[in-house]
């Protein structure tokens, strides 16, 4: 067994990989949440009555979907310190992923809003709902429910994209597997195992997504909010 | 049967078909004779369309046999006498004498009307484009669409699209045309123009099998009517006999419902008159 | 923070080479991906049943794992089993196989969206499988497939940057090299970002124009 998996104790290496996987999940989760926080105002801007807001939202989405993630990470990790903002690796990475995913999440949310029949806002207004109430009780819950599948897809996308943070000094799954291979060789085994772990995590997220869709059911998420 | 075998174009014997665990056809026997119009009627789910689609092997059947001009369709017998699925080429060859008109028209939306009618001639019968165009043009003129050659299906009404479908079938010079509920997808005011074309073909002696809900049409145009229920042909015979004096309870029930419905909507009063 | 233009002049050859290589990798990878994806989708729809499982495995693996890990696996793993591939080859085929998995899904969805009745009609008239694909499926699939296909082309363009990690000297690699030598980080990276942005927007524009041209005749309603 040790010959197949390299000289260092295989168990130790597997443990390191799993810790790396934990880091991957952590940085992904952080960027998904931060990304969502950024995405909501961007989405609102995109749907706004004001042309300037719509334009600004559009530029944000266009830029962060048009620039490769790697370049965005390099900018945050190397260029920001030049202008005085130095962030530790994890936060730089999470920020880089977050501003990127925010663009995609904003578009997913926008899609969710666009499916809501127009009449609902009219009905709400007729019943005396004010703007913020309409957003909170009518629009947001339904938009979230409608865009849930796209949000799950985006989560899986971030998980895979997070492999790039290995380049900016985060000890994620990819970086750890690189280190193991550098020390012990046997790249097929260790990169293969890393790939498998990514696959399992993705499938897990997908299954969770389907499960919560089913459990929350038709009125579920909306009712929960 | 007094008629010579050469006059029976398609036969089905003991035809059975199932979708997974559900049986759809339970041993159907059917003959399609030259120049006759055979209408198949029955309630939804009785297996009418499935039966029709087995006749040109668009649906596979599991038991019994379908023969086109005596040749087994869909299967071949190997050296040991076992039945094996036939080659796609053989099936296509046997199918070439049978044309089909569909409920959903199934025109190819990215081709013009003329191209739709020409395609089978060029691709399957390998006719030179000039000849194919001439045949297609005359078929379209025959169904009254000579002025729509360069239109696209999306620009036509349902009735016009179905007439293109009929022209497409006619152009291939078939021995038999199968109609799968040709007017069921049409708005009521468009049904007449399609039935008129089918009536004209019948008058010219085209052999046709028509699955339909239009009882008035069946009463007036069919030579024979077969009533299907739950995957079996329950009754069969000339429309005058079948409609005026049904033997089976199921057919009686079926006609009763139809009579009540058509009295309500005053549908085809002339046909009603012919039946009463 | 003024950009030192002399820097650009000094590095112009390297940047030009990098851009050229980026374009080559992008177009080459895209062609490979399109070809692989179309072939796989065709096999899924009309091919022998025993191919279904292997193709699904291929799709799940290349869509479910990061591109970077796939590239490492191929680049470092090759020599382990005696196959030494150049970084360029790994990069090109890596993009092709990765994109191919996504295109398989895109084309599969396109095939599935063609109303089966049209294929019934073709079959009933005696069209062979090949004829059905060529005359009924492909012309219509173009319109359905175009938006997701353009998106994927953009993804492949952006992913050429990842190839820099394998030290393939495309544009990002060149610019990174430039920053390490000149210690100017802001301008080069920002310029790099804007360049990619421009390419992506141009591609998206091209996609919209092509889509408009293709849809004017087809009304699905």
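Every chain is named by a letter (A, B and C) in the order it is written, and numbering of its residues begins at 1.
Keep in mind that, in the parts below, a residue touches a chain if its C-beta (ideal position, glycine included) is under 8 Å from a C-beta of that chain, and two chains touch if they have at least 3 such contacts.
Values in this document were obtained by computation on a predicted structure and should not be read as measured data.
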{"item": "Chain contact graph, described as a line, ring, star, complete graph or other shape", "value": "line"}
{"item": "Which of A-C and B-C has more C-beta contact pairs", "value": "A-C"}
{"item": "Centre-of-Cα separation between chain B and chain A, whole angstrom", "value": "55"}
{"item": "Chain B and chain C: spacing of chain centres that average the CA atoms, whole Å", "value": "47"}
{"item": "Whole-Å separation of chain centres (CA-atom averages), chain A against chain C", "value": "22"}
{"item": "Touching residues on chain B, where the partner in the complex is chain C", "value": "56, 58, 88-89, 92-93, 95-96, 98-100, 102, 104, 106-110, 119-120, 123-124, 152, 154, 168, 172"}
{"item": "Touch list for chain A against partner chain C, complex", "value": "62-63, 65-72, 74-75, 78-79, 81-83, 156, 160-164, 166-167, 174, 177-178, 181, 185-188, 191-192, 194-195, 198-199, 202-203"}
{"item": "Partner chain A, residues of chain C touching it in the complex", "value": "1, 60-61, 64-70, 72-73, 76-77, 80-81, 154, 158-162, 164-165, 172, 176, 179, 185-186, 189-190, 192-193, 196-197, 200-201"}
{"item": "Chain B partner contacts - residues on chain C that touch it in the complex", "value": "115, 117-118, 120-129, 131, 135-136, 139-140, 217-221"}
